[in-house]
Each structure stands twice: as C-alpha cells, then as structure tokens.
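Letters A, B, C and D mark the chains in the order given here, with residues in each chain numbered from 1 onward.
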C-alpha cells in the first residue's frame, strides 16, 4: 500500500443519503468506490485526497477522517474510539464491566453439563462455554459429542438464561450452529483458517477469536479483519497463551498483548487463563492479572470432577475454586473503577 | 491410552483372507476390531494380548508386531522401516534421491508461469510449485488467481512434463483441485485445520503437509495421522521454519526436526528454505544444510523478477541463482552417497 | 540425586545447642554433615532416614522436616512457608505490601539524578534505582558513569532518605559498591554468571536477581540457590520479560512466572515493567497486572526527559505518568486486600 | 550513531609511518582520533569526510574505506573480506577446511581424559575440548575438577600433540588458564558477561565465543566486538542451539545463524551439535548439516561411557560413533569442495 488512502468514517448521525452523495461524487470523478460497514458506521476509502477537497458543500462532513496506513484498518481503534460493545444474548462485553464466561471445556453428558451450568450461574458467570466439536491434536483423542452436544448446550441455556458460546471447526457447520448458540468461538489452531473466518463473519453471529499460539498481536488483528470485512463487528479477541521456551506452564500468557490490543483496536479483549496456564492453581492469579491489564472478559474452564474430564481436565477448576475466584474479582474490579458484569 | 494395544502389521505377503481370519478370530472372542490401511499394509490393533497367543496355527503370522504406545502410530517408523515412497506423477520422493520442486510462490500470469516452469525444468527440478489460492495474513493482500490460476498450472505441466503441486485452503476445493493437480499442499497456517486434513486425506492425492510455525515435531506427526487414518499414505512432511525470538530471518529453520522425523516416521521429509529464511541469500546454504540433515526433497521459490512478485517476492531466487544451487547440490548429494532425482 | 535427603529445618525457637546435638548424633554415626543457614533458620540434610528415627529424646524436634527432591531446596517455599522479608534499608519487600522502586535507568548527571530522586520520592516510591555500571550489548554504547555515578547515588539517598539499589557487573566491584548502596542488582545478562552470584551472595547485601531473558522459571530459582548457599537470604527475584517470537514489545512479560514463584519459593518477587515492554504506554497496564498476579514490588524507569536519556530512554515514563500510576496502584492494592509500602 | 563515520582500513602493505601521517593530519585539524587494531590491520574512524578529501598526496591511500553504519564494525565482513584465520596451536580454523574439535564435556579423571584424547586424535580430531570449570545451573551439581583438571588437559596435549580448549568462567582465572591452554571458550551463559569478555580479549588467546541460548545473531556479533576492541582478532563464533518452544531436543540448532554470520562477519564459525541436540543420535545429522551450511568447525562431546558421565552424558557420542561420523564428514567436505583439517 504505497499511497495510504484516506478513510472517511460516517457514524449514524450522517444520513445514508449523505453517504450516497459522497459515493456519487467519487464515482462521477471516475474513482473506484467500495464501502465498508462497521456496525452502523460506514467507511469509505478514498485514494485521491483532492477529491475530498473538491467535495461540494451539500455533502455531509465525515464523522472522522483517518489515514489507512496498514493492513489493519477496520479494526483500528481510531475508527471507533469509544470501543465496540459485543452482545452475546443478554450479556455485553466491552462496556467497561468485567464479564466471566465459564463452563466445561467439553460437553460430556447431560448431568455434567446441567450441573456445571447451574453452579457457574449461581456464582456470577454471565455466559456458558462448552465445546461440542473439539479440535484435537491427535485423531485418536476424544473429538466431542458433536451435534448431540449442541442439544445439551441449548437445554443449559434454557435452564440458566445464560448465553452459550461454542467452538466451530468447519465452515459447513456454521449455519447449523448459528441457529442454536449465541456466539461462536474460533480456536487458536484455526485463527488463520481464512475459509472458516469468512464463513463465520458472514453468519453475523458474535465471535470469540482466539489468538493462535504461534501468532503475533498484529496477525490476530489481521485475522479479525477477515471477520470485520464481512460486515460483522461483533468480535472479541481472546488471548490464551503463546508458545515460548518456558516449560513450567502449558503456554505463556501474554498480557502485553492485552494492553496493546486495548490501545490499538476498538474490539473488546478476553483472556483464557485455563488453557494458557494448563494448571488449576494458575487460574486465580492469571485471572486477576488479566483484568488488571485491561481485559474485558475471562473465559474459564470449570469441571465438577477435573480428574475425570474427557478433555483438558488437568486445567479445570472446581466449583468451589470458581466461587472463590469470583469473590476475589469483585473487589479487584472496584479497585480498578470497574464492576462485575451481570446478566441483564 | 492406559493399556497400549499391540499392533499386528500385515504386509502384501499376507493374504487378505489370512487377515480376515484374524478379524474373525478377534470378533468371535467379542473383541472390537477396526482395521487400518497404510498403502498395501494392513494394521490391526489388538488390546487383549492373550487373544494373540490363543490364535490358531491356521492364522498367518503378522509381518511385524509393535506396541501402540503413543497418539502417533500409523506414522511410526517401525510400522514401515524401509520408509514410504510418495509419487507425485512421475516423481518419487523418499527413494533416497534428492528431489527439488520449484516454481513461483504464486501463479501470477501465463507468461510468468510458463517461463518459470521452463527454466526450473531446464535446471533439473522434478516438480512444479505454484500457489493459486494464497492464504494471506491480511484480507487486503493479493489472494491468488484462484481457479484461473489452476488452468495455468495445468498448462505448465503439459508443456514441461513435470508434476504440479498447489496449496489447498478450503475443504470444498479439494475435489476440483484433485482433478487437475498431482499433489496438494496443506500450508503451515492450516496444519491443524482438521476438517481440511480429513478432506485431503480422503482425496487419496499425494500431500505435502507443512509444519505450523508454532507447532512441534510431534504435533506435525499427529496432524499427518489425520491423513493416514483416511487410508492415504502418500504424505510428505515439510519443515519451513518456526517462530523464535531471532529477528534476522523470517523464521528459524529447524533441521533438528528433519533429523528427528527421519528417525521417528516412515514418511519422507521436505524442506522449504525460501519461506523459512525469507531472503534469497539464505536459500543456498539452507538448501545444502537441509539435504545434509537428511531431507528427501526441497521446495524452492523461483521468480523471474522477484522485485515485482505479487507475493513473498523478497525471498524468491532468480533463475541463475537456481541454476547455481542445482550445480552445488549434485556433488553434495554424491558426498552423502545419494543422487539427484530425475523425472522418470 | 537418587535418594532424596531429608531436610531437618530448625527455626529460632530451637537452641543452637540443640542443633549441635543433632550434628554430634549424626557424626557419631559416621554420617557426613553440612549445615546450611537461611536467615536465622538452620537446615541439616540427612541422607539416612534411620538416623532420624534413632535420635534420642534429648534432641530437639526439628521445626519442619521436608524431602530434598530437586536441585532447588534452600529456596523452596515449604522451607519457610510464611515467606521471606527482604530489607533494603528502611524498606521491606515481601511483607504483603506493594513496594515501588523507581529512578533513572542510568545515572547521567547530578541534576538528573537529584531531580528524579526527588520526584519519585514525592509520589511514593520506597527505593531508588539508578545504574552506574551499565552492561551494554555493544562496547560502543554508553557504559555508565561508573564510580562517579556511585557518589551521586549516595547523595540522592542522603537527600531523600530512600534506599538505593544499583546493578553490579563485576565480582571485583562488589565490595566497593556494598560500602555505599543498600542493595545490589544482578542483571538479566548475568543471571547465570556464577562467579558474580557467589561474590554477591558473600557480601550479605540484599539482592535483586533479574531473570535472564532466555532462562526458565526453575533456572532462576537455581541461580538464587547460589546466593542462598552463601548464607544470604535477602534475595528478591525479578521478572523483566522473556524473549519470544512476538515483536510488538521489547520482551514478553511472563506473569505466569510470578504466580509460579509465589507458589514455589519463599523469596519475594519483583516485576520490571519498563525493560519488559520497552514502551512508556505499557508501563501502566503491566504494573497493575503484575501486582494483581501477586508481585511484591515493582521497579520502574522514570526520566525527566526520556527523549534525551543516554540509555533505554524509549521505555522510561515521565514524572507525571509516574504520579498517575501511583494513584492507580493504591486502590488496586486495596482491592486485593493489600496496601502500598511506605518508608518506615 | 547519527552520522556514520568513515572507517579507513590499512592492511600490512601500508607502513605504520603512513598511518601516523593520517593521524597527524586529523589531529592537526582538531579531529579526535582513535585507532583500532584487527590483527595486522589498522582501522581509523573519521567522522568528518571532508578531512579525507583534504588529505595531501603524501598520505598513503587506505586499503579499504567503509561506512561505520552499525554498532558492529570491527567484526564486519567488509573490513576483511577474505575472512579471519584463527590459530589454536597447530590447528587453523577459517582456512576453508573442516576442523573437528572433540573430547569429554568435563575432565573427570586421568584415565578418562587420556583415553578420550587418544581416541579422538586417532580418528582425526584437530583439537581437544575438556571442561575443568563447569558453569552449572545449580550449585548442587558437579562443578568440575578445577585446577586439578587443568594439569590433565596439559598432559593430554603433550601426549597427543593436539591443542587444548577449555571454558573460562571468571575473569580472575584468565591469566592462569592462558598459561596452559591453547584457546579459551566463553560459554553460552557468559556471552554477555562483559567483564569476562574484556579480560579474555586482553589475554590475546584464541577464543571460542558461544552464542547465548537466548541471544540473537546480532548480539553475538556485538559480544565479539568486546573481544575485537581489545585488539584480539582470534575469535571463533559458536552456534550451540537456541531456546524455542520445541521440546523434542534440548535446544534448536539455528543454522540460519551460521549462514548469516558467514555473510556478515570475517570471523570463522563453529557449531556444537552435542549441546544443541542433547541426544547422541542427533550429533551425526546436525554435524553434517552444520558443515553444509558453511560452518568452519565442529566441537563434539565424546565419552567412553556416556551413561557414567558426571556432566551432560546424555548427549555424548561413543568413540565408535565418532569414528563413523568422521568417516561421513570427509566425503561431504569433498562434495562441498572442501577438505578435512589436519594437524600441521
């Protein structure tokens, strides 16, 4: 991108007719036009800055005007300085509160699912997590209950009133999952599966986009750009640990990334302390640190009997540990001038 | 896997009827049986070792008998100690020779494609590479010529007689690509895209499986297992550099991985010095080192005018540099007691 | 260490005569004895457990008895479950409070040193940092004011009443520095400079031991063991970022390490958000996150005019930013049930 | 360095008087002058380029003239394009041949030292390695035979005629070691121990400088600059593996670094396949790959009974494996147009 385009940003206060006026102005001058949508905001890239100066007085002034100086521009913070709020059913992430999503790593059985959902609801979770399609390193490992698990998630939502988020691993599954769940998760191993990103972007459903464990802060923003480009601005970035030389934990949680994202993008940021540390005794301190670093939300594995989990049990915390953590998060949030999210 | 199963391995010398006899023996004892195919070899896992001892004399002895002691077993070297040969059209990888596949990173135009194909053929390449679907970090980058590019690859093959390998990024594309090309490549970003692995495995086409830049030696073997499990043993592992703290090159080429794979798996190993180093002046020394470390094949970006490449031009070597490299590889191969591969 | 020894731990409540009794008991049985000191605690390793059972009733019971099952045992948390308090002059680290040490990366001039010392004191710092011997990657960079700088540090301490910590780079400097400063710092590049560790351990001075940017959590504990072995228990571990593939910040701050150290060792833990992030805008969020993860102390670069700093200016925060950070730390500490440290 | 100086490079062909003329010319113009020595080459940095143009015809033309555009300039390849030859007693490294230095990781006993020295000499090693001061991660591990071991190294040299290289860990040891050995080694953990670098540089002895496992290609060159600045150009850089996320080997050997060093510096390059891989079965392929990547020398751990080694036995190869490796290296070297080094 040798000559950075200027981005004209129009928020809701500008009429659609006004924006159409701009498009006609550009097209009549022979300039190629393409318009992008970021929620109710419209973004119009203009490469010839003279055309902006030559716009007639009848054209509405854009709300913002910024330079497109990198591969990442729909996600740039200055395109929406107040930040994006993402709504998973009744739960909002990105409004300044601290939102905790919890549940089992994998949906295993009706009993486990309903009991876990009940207990995390009781202690203040505002969303349910639960994997039904599990992307496993080896084909010989448990791959999830698949569509059977989806019914259990639907039932858990009905019982608790909490919105449900689950991982999607195949573009062909998007539509069917979207008919049931409140949000989709793209796993770390699929962060650069661009066919999947495009399909999920088109679904319009809220998305938790997990950072690949070998991918950079900027590459995660670029992956989000695939979702935003489809007109879907309901995207939460999720830090879940990166690969480093340190062997004492499963991954190294990168809270510098959280701080950088909060400064660079308008998208809210989530942290997964469970998959990062890979040990229950790390979930507490990593959760507190993540919120202090600026994370809008946490996603936490809870299991009634971690030692019997079919998937990643080693890292799940028990209901009592979850209750203790929630009791420590509330005063921390207050100390930061924030509050815990509650289901509307 | 608490009790490691025993794997009964039957090669071609054992009749299919003999193997059926074993299956009947196990089933009549109430043991669950599932049979796996590795080329013409059949693999029968048995969990109760007593059933093996109680087999009657009419049952043929298995060719090998090994323990299934990890998540990786279809790819284990001791299942096929002589190693696997993978055939891309007339070219064989894994027969002890040094095979060089070359071509442009991306197919850009008819002229560029035909000229590059001609020049790499002239200097001894035994396969053509060329991307038509390019997985790019940003959606705003050149994404490849897509299906138009496929026609160009087909034409290049016709003109040169060399087999063609191209990257596949979407499970839905597998069938159409398989109708044209000689081999598919799964890129580093998709190494753990299990939906794609399964679709490619089912195609039966030879596959180059690139190691994810944040994935381990063992995880690459586990990803190959997804392909093998579909009955497709035509798999080449490809090392193309991993992410480390070192900023002087695009990635750090991990030749320890090549040595480990040659010891642990029967699958042949390829190295991509172009994407690893990200600089033309590194292609030569990394190619020589890769072959000395035991690599069966190299895959090299060649571009007539690297400074005008639409994708990753910074790393491509020019035709003359390619010719020089091939001239250095031949005596190196001889020094290792090997020879350069030639198209049959 | 095939047969783990038993460690008999005697705290102050046990008389020295009693411990001598144990030594005589062991020696009379022909067992080799060596006694280690951890502050006022004495540790006696015993390899033959029978000798413990055969001890007469006149021998005092040890306060604790633990197994020596790794290379790290003097630093193990269970040797002193209440944790170690480290005193830099009037300032205590490890008593549950949040201590902030601040000052310039390098002592550059009298004016800069006195003005910075005054301003960080005013805003609540409880210790002064300032480098006079700077270990620089290149010999052609500014290497510090050396002994001239030491006089400035001494004067700054006199004016502010704050204890002073400075880095030591050469075993030969230890004695002269120890005559002036309140604490020594061993830099990341010297964490495994065992000659330096031994000399600093013998000085008896409090030490900030920075983790090497390529070293693990356990290796840092092993390096501390060199200090402890000299009878010096006044050791603070300092996390300052590790090398990873992520290029957006200078280093990746590893707060998982902080959580692990708080669980594994009795030594207090410090975090350096300045050298880790390498950018002033990261100092705030990383400081908050570090304290929430459990850090006992922070060490922060402050410069009056970062753009004119002779060393690492890019990362220093200005006095006003430091004041803002201190104002945010106090309520955070309260939210964690802690308080800010104050000079006694 | 805002305005890059020009470096005037004078080789032996220029008289010392001529160079003095240049110095007087610069000083008479009030320019600060400092002269650096690189073997018999003299280097004179000049910041005001006009002074070069105003030099009278009586002043000799410099052999080269290059810009000082980075922190690394005494080591830059263009200061000595033909490369530096480093002489360890009768053995030369950097003359195009392949030199193999071998021996035990640590000197343990007279029998082990003499027997190992004899066997590696027999199979073509041109230098002996053997550690007497061992920098160990934990103070509770075997630290080497210290000065007793030095006598054994001296005896081994006498018996075999091979030059001896040993690691130095303390600046105070340099002189005493220098009186006995032919070369000093600075270990990976001390690569940025600048007090040690300076002391070793001043000794004038040939040095093997090992890359820190968390340090970059450029930082290694900067560390070498500390040695060169003392007028000691007898420096060999040694790649011995870096820390990465890959757990299958002890370290990840970075042969890209070898290729980069061969292009960027005139100093010869060595590779340590033993400490890098940490497994005997990796020594062979990594050695071959290192030489193919351009390494001038290898340094290899050999032990008569690896399972009884006091230090790092897991990685040592046995005498027969060493003989086999040497037999494979010779034809490889020939294939690269090189030859094996022989003791003069």
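Operating definition for what follows: a contact is a pair of C-beta atoms (placed from the backbone, for glycine too) under 8 Å apart; a residue touches a chain by one contact, two chains touch by 3 or more.
Which protein is which chain? UniProt says A, B, C, D = 3-deoxy-7-phosphoheptulonate synthase.
Model, not experiment: these values are computed from the prediction.
*Asks:* Taking each chain's centre as the mean of its Cα atoms, which chain lies farthest from subunit B?
*Replies:* C
*Asks:* With contacts counted as defined, which of the two, B-C or C-D, has more C-beta pairs across the interface?
*Replies:* Top pair by contacting C-beta pairs is C-D.
*Asks:* Distance from the CA centroid of subunit C to that of subunit D, rounded to the nearest Å?
*Replies:* The answer is 34 Å.
*Asks:* Counting in whole Å, what is the centre-to-centre distance of subunit B and subunit C, each centre being its mean C-alpha position?
*Replies:* 50
*Asks:* Out of subunit B, which residues touch more than one other chain, so two or more?
*Replies:* 214, 242-245, 247 - these are the residues of subunit B that touch more than one other chain.
*Asks:* Would you pull the subunit B residues touching subunit C in the complex into a rising list?
*Replies:* 214, 243-245, 247
*Asks:* Spell out the part of subunit B that touches subunit D in their complex, as residue ranges.
*Replies:* Against subunit D, the touching part of subunit B is residues 214, 216-218, 242-249, 252-260, 262-263, 276-277, 281-282, 285-286, 288-294, 328, 331-337.
*Asks:* Mind listing the subunit D positions that touch subunit C in their complex?
*Replies:* Per the touch definition, subunit D meets subunit C at residues 1, 71-73, 135-141, 169-172, 189-190, 192-196, 212-215, 219, 222-223, 225-226, 229, 242-243.
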